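You will see two complexes here that share subunit A, one where it goes with subunit B and one where it goes with subunit C.
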Partner chain A sequence: MNPMLLFQLSWRNLWRRRRRNGLLLAAISFAVAGVVVLNSFIRGMQVQMTQTAVNNMNGHVKVLAPGYLDDPGIARSFDLAKDWRPDVLEGIEAEMVAGWASRVRVPAVVMSERETRGVQLVGIDPAAEAISFIGDMAVEGERLSGSEDGRLLVGRALAEQLETAAGRRIVLITQGADGRNREAGYRIAGLYDAEGEGLEKAFLFTGIANVQNLLDASVITELSVRLTEDRHGPNVLSRMIDALTGLDVLTWQDLEPTAAAMHEFVDVAIAMWFLIVMGALAFGLINTLVTAVMERTRELGMLRAVGMRPRAVVVQVVVESMLIMVLGIVIGLALGMLLYLPMASGIDMSAFAAATEEFGFSALMVPKLEAGDIWLVVSLAIVIGLLASVYPAWRSVKITPLEAMRR
Partner chain B sequence: MSDLVVSCEGITRVYADDAVPVHALRGVDFEVRRGEWTSLAGPSGSGKSTLLHVIGGLDRPTNGEVNVDGQRLGGLSESQLSDLRLNKIGFVFQAYNLIPVLTAVENVEFIMQLQGVGAAERQTRARATLTRLGLDDIGDRRPGELSGGQQQRVAVARAVVTEPVLLLADEPSANLDSSTTQDLLELLRNVNEQHGVTIVTATHDPMVMDYAQRRVRLRDGAIEHDESSSGA
Partner chain C sequence: MRMRHAKGCHIKPKVRAVVAIAAALLVAPSAVAQEITAYDLVAGALDLTRGDTSHTEMTMQVKRPDWERSTSIVAWSRGREDTLMRFTAPAKDAGNALLKQGANMWTYTPKLNRTIRLPYSMRSQSWAGSDFSYNDLSRSDKLLKHYQLEIVEQREEEGRMIYTIDAVPRDDAPVVWGKEVWVLRDDYVMLEQRFYDQEMTLLKRMTTMDIREIGGRVVATRMRMQKLDEPDHWTEVIIEAAQFDIELPDRMFTVFELKAGAS
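Right after this comes the complex of A and B.
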């Protein structure tokens, strides 16, 4: 039968019980808005965790010599052509790659006049480190000027332990490829601040050539490739595995399994959370629809008597359910946007900074609204609207014209 | 085409849902000629409504054959019965005839909408019918804003606008006072005489019976008396 007629009837029927349907609509709208906003926070946290893991000198894909993870040192090193770049590989386009950086990372002992600490000495090309946290960390004093820079960048927390400062000298001891210890003194160019004291205490940075000179080896121990988008990861990974035989090619997920597990958990948690909230709403919807069908028994019976087909009566109930749901979704999304937009540029969480930095989060919480999540909530709501109308619709077809007429 | 709009043979209707079966109709043979207005009379529980429902395809007889406009109802499926009611029969019930969320004119249009008549034609016909029945001033009101008598007259308008073969009315005047009943009956007489609509009413109301050309009296589910007013 005429779909416009069904739509018109359903629409007007909604207005018959303004308060009841209004309350239901409000419940659906708030739930959708709440789901959207809260979800953007969870998503934001997930993105931040991924960023942190990627920034943490991993990149999306990292190349190591076999055995390096178990026994890090200059003995587990490799070499790549000076002009090697990931986008020369077949299947990797330049626009997939944000950047790459080679490093020499070796365990070392650092000594000041007062203290001795175990650290990791990392030789870098400062120009290439835009792809990691090194590129945008705050430095008090001077930054490294290039690969040849022979000075050190020391984490603030480590500097406090060593009771030293920018401009002072400290001594490093590390093992060369030949197994003999090398020792040298270096001047501190500056002190850096990183998210989390763990990083500041763990890493000392200097020019890559400086470390290679110290170790008498013009090799590298790692190469990180950062991609423009997470989704290029699997493709680039497999291309690099094919190209770099004999080396370990790993993802950030391999290197930070806890962060990777959290990342996956978030996806499941979001879906679960949608399902629970929308599922709870379904019962409100079912209740309203059944009540609406029951109180219209005479009317539905009359409609059947004058020749409306049972199917049309069912469709009418379903349309009413969908109307409420779709209205609720639209209002809910608008409300969610209204709440989200002022926060989209981030919320300063520095009040809880101590707690968040402990876990490697930054003090700025940036919620993230993803189109995929909006689709998830919309499609879930529509499916639930359909499911919720099954029982009321079944009740409505059980109404015979006679039953309605005899009351 | 046969001159009989309704012909029933040996109709019985037994309600067996309760412990004691109720014999609402016990072998009714009944015919209605085209253009005739027949009124079913009889005490409460005599089977008037049941017979009307069986004729209208709202209820199926336990035994017997019903033909409406030459079509045997026994062989029809539920949706075929729906279509028959939609296309051939107009109904006026005691109450709750109208859809509360639609205006009078939309209610009159409704059946045409179910039939798939185009919007322009629908509106013209609905307005014309309301005008013809003297109801054009209430066309834009909803049923809740109409008196009982007005609602019943709009129900008649809706029932006749599609020019059905048969108009069935069960206690159409039950909720009306005598002057509004009079109006309603004049209306029914108008559609019966001017437009040749065949009518069957079921009622206790002597006024309704007076208007009909033929009175059929039921008792205990059987026809007791069948009388046509001479010369009507």
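Right after this comes the complex of A and C.
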């Protein structure tokens, strides 16, 4: 039978029951739009979590001395040539690398007039730290002027605990390269705001040369490399593992396993979420199609009697299902886009800032709509549309002219 | 003319002598005062209570609004760096000891039979529940190394000079205070010690309540440490007996002795 004719038949059949099919269409569009928008939120959160993990002084690839993670300190340190760059390694192109930074990070005790706290003292080269949150955090007071700067950047939450302020002095105690304690007073250049009080309480920043002086060591304890795109990760990682023998070369996933696990979970969650919504919808679709088939028992019986093949009857039902599904997807995607676009630049969640910071999210929620996710929505919807038409189609071929006449 | 000249010559030496004596009288006290520097005063005060070596018996009273506690302590010191303190009463605390050796500190608790090296992070905490911190006990020579000392006021009282010294920590000094103020008598007896935060708010104060001669030296024998924000909390240390410049065995100030000496 002419497929065009079949298509026309299905199309007209749909229009015979405008209200019923219109409601079904609305349900599908609504579900697709909702899934698209919610996926963009979940995806946005995932991207943000990845960024946070990478920003958290990890970079995409991080080099540490063996054993540093178990026993951090200046004893677990290494040395790299001053002019070392990741892109001198074979296979790493300059455009893959966004930046790199070496640091000295050691545990320390910080004391003010009133309080004593345990922190991590991090010596940085402020110019290289555009690759981490240090580069774009807000600072009240002054920033560090360079790697020679002998002043401190203190997190706001820590400063509150210590009851100190920019311009005051605090005392740092840490262990030098020879294993003996070092204590010295430092002036606070400024107070920084990071995303999450945890960071603010954990890290004290100063010039890397200042820490090296204090510890009597010219070495570094870590090197972070940030890439321009996540996908370069595995390649750069393997090149660096080959080049830097004797050192631990790790990814942010190794360093922040919780964030990495969440990252993987999100992929699964998006698919599951979609399956649940669309699965529920499938039953509505089945119901509508079965009703449509039962209504037309006489009609279908007659068509069979005048010689329509059972296959054509099946195709007719499937095409009906597909038509309503595809229309629903198109309208749903359009609606989803319409909802997404005004939010694409980010939603200010600062009303819940305390709660979002607690979980390490930024107060600005940026949804992200990825082409891959849209394809997932479209293909899964079509598969479900096909599956949902199986039972009604089976019911439709079971109709015989004899049965139809008895009705 | 000749006579006048001769007479003039005769008088002149006399005048000169008078002027010289007057000048000497006028200049002498201030010259002596100028010779005493803030550094000397603080060093003198530190050495006065410690001597080359010392052995002190004291009582510590901790006063709180709803309770008070009195403990007895014996202490030995050598130079500016080494101190050993041991509680002798009440029975509950007896045997608890503290050793300061250079920059390091250890505590010993007989009930646990263990010595613990005191981490720096704990040194701003209260010592034995008193108003003294471990840092207060260990700070002796820090003052000379890390502070800029300056006499800001001197006055005479009952025939003695009283000096007020501002001790401002140097920028890289491992000292949290904004400044300390010491009030010292010219015989190096400490009268008052005040601790200010970096906004120059007075945080705590140690005042001398009694000065007596003990062990052949005039020293502050009763001192009260008080935090300004808790006026009814204070700790008094009363020196009951003291000997200075005595023979002490070298092993006195070792971790081994900290533990072994308890039994």
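In the analysis below, the second predicted complex is superposed on the first by the 399 of 407 C-alpha atoms of A that agree within 3 Å, B and C clash if a C-alpha of one lies under 4 Å from a C-alpha of the other, contacts with A are read in each partner's own complex, and residues count from 1 in each chain.
Simple rule for what comes next: a residue touches a chain if its C-beta (ideal position, glycine included) is under 8 Å from a C-beta of that chain, and two chains touch if they have at least 3 such contacts.
Bear in mind the structure is a predicted one, so any value in this text is a computation, not a measurement.
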{"item": "Touching partner for A:118 - first (subunit B), second (subunit C), both, neither", "value": "second"}
{"item": "Touched partner set for A:402, first subunit B, second subunit C, both or neither", "value": "first"}
{"item": "Touched partner set for A:16, first subunit B, second subunit C, both or neither", "value": "first"}
{"item": "Which of subunit B and subunit C A:304 touches, first, second, both or neither", "value": "first"}
{"item": "Which superposed partner A:169 touches (first subunit B, second subunit C, both, neither)", "value": "second"}
{"item": "Which superposed partner A:5 touches (first subunit B, second subunit C, both, neither)", "value": "first"}
{"item": "Touching both subunit C and subunit B, counted on subunit A across the two superposed complexes", "value": "none"}
{"item": "Residue ranges of subunit A in contact with subunit C within the complex", "value": "109, 111-114, 116, 118, 150, 164, 168-173, 181, 183-187"}
{"item": "In the complex, subunit C residues that touch subunit A", "value": "103, 119-122, 124-125, 169-178, 197-198, 203"}
{"item": "List of subunit B residues in touch with subunit A within their complex", "value": "49, 53, 56, 58-59, 78-79, 82-87, 89, 91, 93, 96-97, 99-102, 110-111, 113-114, 116, 158, 170"}
{"item": "Subunit B-facing residues of subunit A, complex", "value": "1-2, 5, 9, 12-13, 15-16, 298-299, 302-312, 401-402, 404-405"}
